[in-house]
Each structure stands twice: as C-alpha cells, then as structure tokens.
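Two complexes follow with subunit A in common, the first pairing it with subunit B and the second with subunit C.
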Partner chain A sequence: MTSLTLKRARPDWSGIAFAVILTLVIIGPLVVVATWAFTEVWRYPNIIPQKFGFRFWGQTLGRPDVWNALMLSLKLSTVVTLLSALICLPAAYAFARMKFPGRDILFFSFLAGHAFPKFGLLVAIAAIFLQLNLIGTFWGVVLIQLVGTLMFMIWIPVAAFQAVDKRMEEAARDVGASPLRVFWSITLPQAGPTIFAAVLLSFVGTFYETEGAWLIGAPGIRTMPVLMISYINNQMVIQYGAVLSVLLWVPSFIALMFARRVIGGGAFARGFGG
Partner chain B sequence: MSVLHIAEVTKTFSGGTHAVNSFSLDVADGELVCLLGPSGSGKSTLLRMVGGFEQPTSGRITIDGEDVTHLPPERRPTGMVFQSHALWTHMNVFKNLAFGLKLRRMPAAEIREKVEAVLELVGLAGYGDRMTNQLSGGQQQRVALARSLVLEPKILLLDEPFASLDQHLRERLREEVRDIQQRLGITTLFVTHGQDEALSMADRIVVMANGKTEQIGRPDVVYRDPKTPFVAGFIGTMNLVEGEVKNGHFARSDFSFPLSIADGPATLAIRPEALDLTVSETPKAKVHRVTDYGSHGLVDLDLADGTRLKSMVAHPDLFRTGQGVDLEPRAVAAYRNNQQIFRS
Partner chain C sequence: MSEFVERAVSVPAETAAGRRPIGLLLVAIPVFLVIWLVIWPAINAISRTIWRTDADGNSSFDLSSYAFFFSDRYSLDNLAITLWTTLVCAVLLLVICLPIALYLRFSHGRLPAYVQALAILPMFVPSIILAFAFIRVLGPNGMVDILLNAVGLPKIRTPYLTPWGPVIGLVWDNIPLTVLILLSGLGSVANQSIEAARDVGANTLRVFWHIILPRISNSILVALSFSVLGIFSSFTLPYLLGPASPEMLGPFMQRTLRDVQDPIGAMTQAVVAFGFCILFGLFYVRSVAKNRGK
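Presenting the complex of A and B:
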C-alpha cells in the first residue's frame, strides 16, 4: 500500500516580502494621519502623542463650512455620476454594438482628455468658462467633472457590452422579446456588474476630484477635498486637515465594501478586457 | 401543419459577394431537412434569414402561406437553437424557459406546467432551479432545445447545435433530438457541416456550396448517387480521379477503365467500398499503407503518377505496403463540366 503524503506548499517569500512592503507604504501614512486626527498634544521627541482626544473632531465638525462642503460634494458627485451614466451608457452601447462613420476616432477621442497634462487643459477650459459665466458656479463644476468621468464611463461599459454574447441577445429576440426588452432583460443584467463598477469608480473619482473643482469652482464652490487642501495649507493646526482626511475615507471605504459584496474582483478585470 | 417555403432567396453582402444565391426550398409539414455544406457555403446565413436575423436581398420566405420575409425574429413563428446554446447565464433553467412564455403574458400556473412538461420531454425533469453553468454541455444544449420547443414554434431551426459537444454525446443527442422532432412532428431546418449528422437525422439533405444548392435528396440517394463532383467529394469518402476518355476508355496513368462516353476530360468517382483490389503480377497501383479497423480495412494506394486512392477491403491482412495491385471498380460515376454524365 502506498502512503498518502500531503505535499506542503512552500511559503512564497518574495510574495510575502512584496506584500509587507506594499502594506507599509500604503498603511503607514494612513496610520500617521489617523493618529494625528485623534491627537490633542504631540510634541517633538515623543513617538506617540502625549494626549489623545476628540477635541479637534468637535471643532472641525462644529464648523458650518465643513458641513456645507460635505453636502455639496455629495450632491456634485451624485449629479455628475447620474448625468454621466445618462450620457455615457447609451453611447457605450452604440460604440459596442453599432457601426457608424467616425466610430473609432470618436472612441479614442475620449482618451484625449487624459493624454495631455490635465492642468493645462483645465486652464484652457477655465478661460472658456469665464466667458460663459460658469466660473464659480455649481454647473460649471458639474461640467468639468463630467469630462473627467467620460473615460471610465465609456471605456468600461463598452467592454462590458462587447463581452455580452450576441447570440444571447438573438435568442431573446427569437423567443419574442423586442429590442428594448432584450436590452433591459438580457444585455443590461449581463453587463450589469461591470457597469456598476464603472458607476462606482466615477462616483468616488468625482468625490475626490480637486483640480477641476478648485480651478472652476473657486471661490464660490468649495468641495470637501478643496476645503481639506486649504486647511492643510492655511491652518497652523495639523489636526483640522487630518480630521477631514479621515472623514474623506468614509465614502471610498463604503464604496469599496459595497463593490466587494456586489461584484467581486472579476468584474473590474473583465471591464478592462482581462 | 406547417410548411416552409423559400423562394429565390438571395443574400448579397456589401462587397458584392453572394452568401446565398437564388436559393429555393420547400420543407413539408413535419419534415426534417438538413442544410449541409462546408463553412462559407451560405447554410448558416440561410437559416438566419429564415429566423429573421438577416434580411434577404431578394426573394420570399413564407411559413404556412404567410409572408415572413421582412418580419423581425420576435414576430416569426420560428424557434432557433444556437450552436453555442446561448442560454442566459443570469437566469436559472426555469427562468430561461419561462422568459418567452412570460412575454406572451401567460398565467404563472400555466407557465410552470408547460416548463415542467418540456423539461420532462428533454429528460431534465427537476432541473428548473439549476443555474445554467451548473449543467454539462449536453444538458445545456437540451435546455436550449427546450427553450425553443416550449413556445411551440411552427418551424424549428437548429444551427449546428452539437458542434461544441464531444463525439459520443453528439451521437446520443442527435438520436434524442430526432426522436423528439418526430414525436412532436415539428417541421425542422437543421444546419450542419457534419455529414454523419445529416445522413443519420435528415428526411432530406440539401447539399450547399457557394450559396447554391448542389443537390437535394434523401440521404441514401445523395450518398449513392451524387449529382455533382462536389457532392461526390463532400459526402462520405470518395475517390475522385481526373483523366481522359478516349475510344470508350477512361485513363489516368496506368489505370484504365472501360467507359462508354464521348471522348474528352472526365472525373471518375469511385467509393472505397466499390473498389476491389487483387494482388497482381502486372500491377496498376502500389499499396502505400494498410489500416486495419477491425470490422474492415482501408488500403491507401498510389497510381504510378502519385494519385492517391482508397479502397475498403474485408481482409486487410492480405495486403502489404509496397505490394503491386490491380484495381477493379464495381460501380463508378463520371462527371464532366460539373454534371454527372455516366453512372453504373
């Protein structure tokens, strides 16, 4: 009789080292910022703060401009994401399934916005917006942030729609579904998880977008990240910026948890053609 | 009670190539007709035109006398089974089958009844709750068949439904499909490039090449009496020998055969099972290889000019590689200008 020996998997040392380094680089700064947010006194030679506390949380959250900025950021991100979905999803379907003149050039033009240094582009757009009286207005910022979402909201859904087996759609037509019904009952559910990933990405991306919001929005429109930057730059007290930064983790953390539950890692990869 | 009538249908793709060229066919009630041809012969395009997924450039398609030529697929009384089964992976088996019935606003109880009956029919009773990716390839294809059958289409369209399955499963499934088709008496158009499938399932075979019909007939007739050299070469194994006829004799290299047709070039077609071999002192051909299949043997031979022929023999152990043999065709057909001009 042959004895069964279980071969023990050898530890993958290079993988573990890589993971440790990544963890240090990513988690390290986060830990420092989080520590600062809950610190009341932390003087030079000490490695840990002398006094922890929620004093600066109270002070930060007590400021009306923080709440205004938070509400504004949520409103902006929601409006931009909805508008972007409304414009981009039908366009993505058209790119994926239809043939029309100029299709390829138009498709690549969505990359153009990301092919140049963004700030230069923004300054040029700001000059145009100035003439249109859009500087410092809510809709001005919506427009500029909409441009930023185009790539995610076109490219990922196009890949998602293309990945849907055409025969599935034909089979649905065959059993009596109208083209609209096919889109609603077959194409969208098939492409759904990946499209949801794109929507989530553009929401989070918009929430954290700063350059456009600052350049077009100032001085009237101050989003959370813009406010945070001004706190970090203009305030002597580090804690204000740290508290805001910790606050800003919340939406991305919720989004990530949600994304993990609903889609699983595969959908992102599929969206990028992986 | 459903007849399909295809009249002079032509499909021209942009660029001017004829995918289907003036094709006509009548399929009788309850008949299973196979469209057989190599890829690019237009058989799939034709099927897709019947299903409504392609628009013919010209011609008419009628089902029970009703012109459906320009109807979209959802308004045709046809049911299509796709090669890749095309099941909806975000629905379970029950929902896949119920989708079409729901679109027809059938009451839920009736839907359940029908779906269960059709699952029973394809041998998958109790599989309603499974997701499609939990099924084997054969089961998936059965669900795809059930999805079409549950709507009771007038015409069933099968587009190479077994192509992605392994040989063993393919043979079993084609028997099952044939049984179901005959039991329901459903008029069926079946596309395949596999001659076994066509020969074993069809009431009639349409052999297609380059968008045109080469021959229409019962499987045994198409096999025994191919009307064109293309059909002769496509169905079954066939020795096609090109040569010259002179003074009542066909000749190619050292091989000659009495053939009473007018002088000129001709193609001689001989089935391997109709080509007898004898070991000879004055050989016309040399044995290249002997393959023993147990029930019979196949001998590959070369004529002096290198032309390769195949002969089916009952006792392969009588022959060796390099041996000289004499050829005696028992039955031949001869073709000239793509027409059959002689048959024995």
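Presenting the complex of A and C:
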C-alpha cells in the first residue's frame, strides 16, 4: 500500500468526488434532521436556526402517545425476538449438525419469502388474517414480524454452528464432559457472538418494521414507526418528528454497526446473493 | 429446549442414529411458519382470485377481478407508475452504484474506506427516518430551497408528492446493498487479467467492457433482481413521498385492502405484482441458494 501511494503522487480525484458527493447526499439530510431536533425557532429564509434549545425534547417525551408507542414497540420487538430465538436456534443447530430427511430442501425453503415482492406477500397474508380475525391485534403483528426474522435467525446461526471446530467438541467429550457441558462450554462460546449479532439484528429490524405493523396492526397497534407515519402525514410540529428520529436512530445505529462487525461485510453481501 | 440439545448432542455423529427424525422435530415450527405464512398465502391469493364463490355459494373458475384490473383506467395507471418507478430506480441504481463499486474495488487507503462507509450508511437508516429527512431537505421551504435562496437562485420544483419523490427515496435506500453485491462480484475479477489486458494496450473502457463486465454480469443481475423485488411493491416511501394519484402498487394494495375493504381486489393486485416479479424472484432465490450451497 505504501509503495502505491509513493508511486501515485497525484491526488485521487475520483475518490474525492465520490466522498464529497456522498457526504452531501447521505450525511447532509441526516444532519438537517439532527439540527431540527435541537431547534426552537427556524423560519424559512435563514440558513441556520434562529434559536437552538431542548424545549421540544421535553414536549415530545411528555406526549402519552409517544410513550405508549415506545413501550408497545419494545414489547413487540422483545416478544418477537424471544419467540424467534426459541424456535430458530434449535432449528439452526439441527440444520448445522444433524442429518434428517429433506434437510436441504427445508433449509432453502426459508428463501421462499424472497421470491415474492414483499408487500404483495404481506397483503396476501393480511387477507388470511382477515378471516382469522387477527387484523388489528398484537399477536397478528407478532406473527407477521416473526416470519420476517426467520431467515436471518436461521441462516446466520447455522453458519455460526458450522464454524465451531468439531474436533474440540469431540476432545471435550473424550475426557468425559457431558453433552450439555460440551454444548455450554465449547459450542456456545464459539458460536455465541455471531448468534448474539443475529438476535440483535432481528430485535432492531423488528423495532423498525413498518409495513407489516401498518397493514396488519392498524388501527389498534401503533408502534413507533407507525406513529412517525402519522406525524409525517399530519405535518404536526416539525421538531416532534426530528426528536423522535434522533432518539430512535442513534441506539440502533450503534447496535447495527456492532452486528455488522461481527458478521463481516463479505458474508453479509453473500447472504444477499452477491 | 435444553433436553432437545442434550439428546441431539449425545447421538454419536457417525451412527445412523444421526438420521433420527429428532432433527425434523427441531426444525418443524419454523418450517411450519414458512408454509403457513409464505407459501400458503401465495397459493391462497392465486386460488381465491381465480376460483371465486358467487352469491349462491357455488364456486367456479372466474377471472373477472383480473378483467377489471386490466380494464380499469386507475389500476392501469397505478401499474404503469409502478413499472416506471421500478425501471427508473433500477437504471439510476446501476449508474450510481457501478462506478462506486469499481472505484472501491481498485483503490486502497482511507479515502475509499470513507466512501465505502458512506455508501453503506443508508442501510442503517430506517426508511421512515429517510422519509422525514427527505421532506426537510427537498420538501417545500426545505434545506435545498434555503440554500438556493441564500445565493439568490429560485426555489426548486420540489419532488415531494411527485413520482420523483419515491424514486429518490428508493434509490437512496437501495444504494448499500447494490454496492455490496456489485463489490462482492468484482472480487472475482483477478488483478492479473486486467494487467494482462493493459499490457497488450487495452484502454480503460475496453478493459471494463471486455474483462470486467462479463465477469460481473451475474452480480449485476442479482443486484437488479433484489432491488426490483423491493421497489416494485415498496410501501413506506411511495406512501409518504409519492403522489396520491396515480399511486404505486404498494399503497394501492394497502388502500384496497384496509380502506376499500376489498380483499379480493387487493389479492388480485398482489398476484399481478407476483406475476411481474416472478422471473426476478426465481433468479434471485436461485443465486442465493447457489451461493449458499458452495
């Protein structure tokens, strides 16, 4: 790398162009939203707000609909993630370590959801939920979001279990460790971080899931993103939406950066068929 | 759960006991969910829209909901705007992401790392926040208007609530995965083959056309299939940023199902969407499965 930079003294113009354009187009809008969140007065032709302040944070957080939506979203995401872990992790272990009839075709069956345009499939599911009276209910939304986590929660842990060195497990068993002990002391610590990342991803993904919650949950179930939709549609005080955006985005960004680091960029792209 | 694991682990790997149906038992619930909530709804939507029950309770083969869709001016306009949006987004994504991916593949250092981080960032921005940011930047009296006004230029004609609104939002949203998939495809282009072509006098364009493009054509198709599947039936961004009429299929289906309360009509629209995407869907699934099978 150093020899390359020595040889190439002229500046990397295309890189600079990409960096400048992408900074403006990608970071720019986020900075504007963040600025709005800390603004008390910003009238049209001024380039920077007339008055900064935290007044709208207190107002936004004081709204009961915000608290209800936040609590509901956290509850939904927790229930969906726990259920998903409960049913998917044993299945992932079975796919990684056991032989059973139909293993391969069942493994790839989780791809079926990706063969359809997503919202079309949601509408088809909603038509079934209409007959089952699941529309507008908590468990209807849980089911639809649970389906959305399945592929992540099976494929990533399968890769994690497969990456565990079988010889270490066998060695532990040879010196007399019980199978549960082997699973607890050898398999889990090695597969753990990746599995944790998958769990984190499905929690964050469920928290922000908008389309299923809107289609199945309305009008009874108002999650955080659904509340944001109504804030945007009704053009209420601009700062409410901005404060919610900043509040909701920062933690998930940290969580997702962490998850991506664990999974690795290359594997991530391959998981999407790259 | 733990006794399942215990029994599973206690089976010696080499014996035929490993083929016991315990594995099937462990995967049963997720597989059941896929069948009940992915495969069955798709079949159900198709069968209920072509095998209709009339007022007397007799069911018969009946394509009238499709006949209505394809003769109704409003439905056809919605379909047209959906196809237009998908096509424009696909072309824009390719034009924007291919140069970024090529640049990232053939450069090293801190600047490319920064460019890559930026290109991947939209993946971590939920589309609802993107929609809000879009309105604050490109909406009426948004940041762009403020800046133009400051330098004495007229305001822009805002793309908010026009067909270009969803296009801009969807392209922004789909940049990360398109770049990642293209970049992963470019990984298979060997440096030596490019140097060899350079040595015999090929210029940059010829190297791209004859050496790089044939090797990444599959990745381009995968990236396009993925974005087409997502964009064709996208809901949040068209609903918040697009015009009310004509509307894209996503908001159209939602309105038909929940506001007009016409499940048959909504399912017909969904099946039409399946039909337009089937080739992309099958191609995408095949590519992922092939990748995974390696």
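Everything below uses one rule, namely that the second predicted complex is superposed on the first by the 224 of 274 C-alpha atoms of A that agree within 3 Å, B and C clash if a C-alpha of one lies under 4 Å from a C-alpha of the other, contacts with A are read in each partner's own complex, and residues count from 1 in each chain.
Simple rule for what comes next: a contact is a pair of C-beta atoms (placed from the backbone, for glycine too) under 8 Å apart; a residue touches a chain by one contact, two chains touch by 3 or more.
Everything quoted here is computed from the prediction, not taken from an experiment.
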> First (subunit B), second (subunit C), both or neither: which does A:64 touch?
Replying inline: neither
> After lining up the shared chain so the two structures overlap, which partner does A:185 touch, if you call subunit B first and subunit C second: first, second, both or neither?
Replying inline: first
>> With both complexes overlaid on chain A, does A:165 touch subunit B (first), subunit C (second), both or neither?
In response: first
>> Residues of subunit A touched by subunit B versus by subunit C: which partner has the larger set?
In response: C
>> Contact-wise, after the overlay, does A:252 reach subunit B, subunit C, both or neither (first, second, both, neither)?
In response: second
>> After the superposition on A, what does A:177 contact: first (subunit B), second (subunit C), both or neither?
In response: first
>> Applying the document's definition of touch, where does A:241 land relative to subunit B and subunit C: first, second, both, or neither?
In response: second
>> Let me check the overlay on chain A: which residues of subunit A are in contact with subunit B and also with subunit C?
In response: 178
> Contact residues on subunit C for subunit A in the complex?
Replying inline: 1-2, 4-6, 8-11, 13, 18-24, 26-27, 29-31, 33-35, 37-42, 44-45, 48, 99-100, 103, 107-109, 111-112, 114-115, 118-137, 141-143, 145-147, 149-150, 172, 177, 180-185, 187, 219, 222-223, 225-226, 229-230, 232-236, 239-240, 249-250, 253-254, 257-258, 263, 266-267, 269-271, 273-274, 277-278, 281-282, 284-285, 287-289, 291-292
>> Quick check on the complex: what are the subunit A residues that touch subunit C?
In response: 1, 4-5, 12, 14-16, 18-19, 22-23, 25-30, 32-33, 36, 44-47, 86-91, 93-95, 97-103, 106, 108-121, 123-128, 130, 143-144, 146-147, 150, 154-155, 166, 178-180, 182-183, 208, 210-211, 214-215, 218, 225, 228-229, 232-233, 238, 241-242, 245, 248-249, 252-253, 256-257, 265-266, 268-274
> Tell me, which parts of subunit A touch subunit B in their complex?
Replying inline: 165, 167-168, 170-178, 181, 185-186, 189-190, 192
> Hey, which residues of subunit B end up touching subunit A in the complex?
Replying inline: 51-53, 72-75, 78-80, 82-84, 86-90, 99-100, 103-104, 144, 147-148, 151
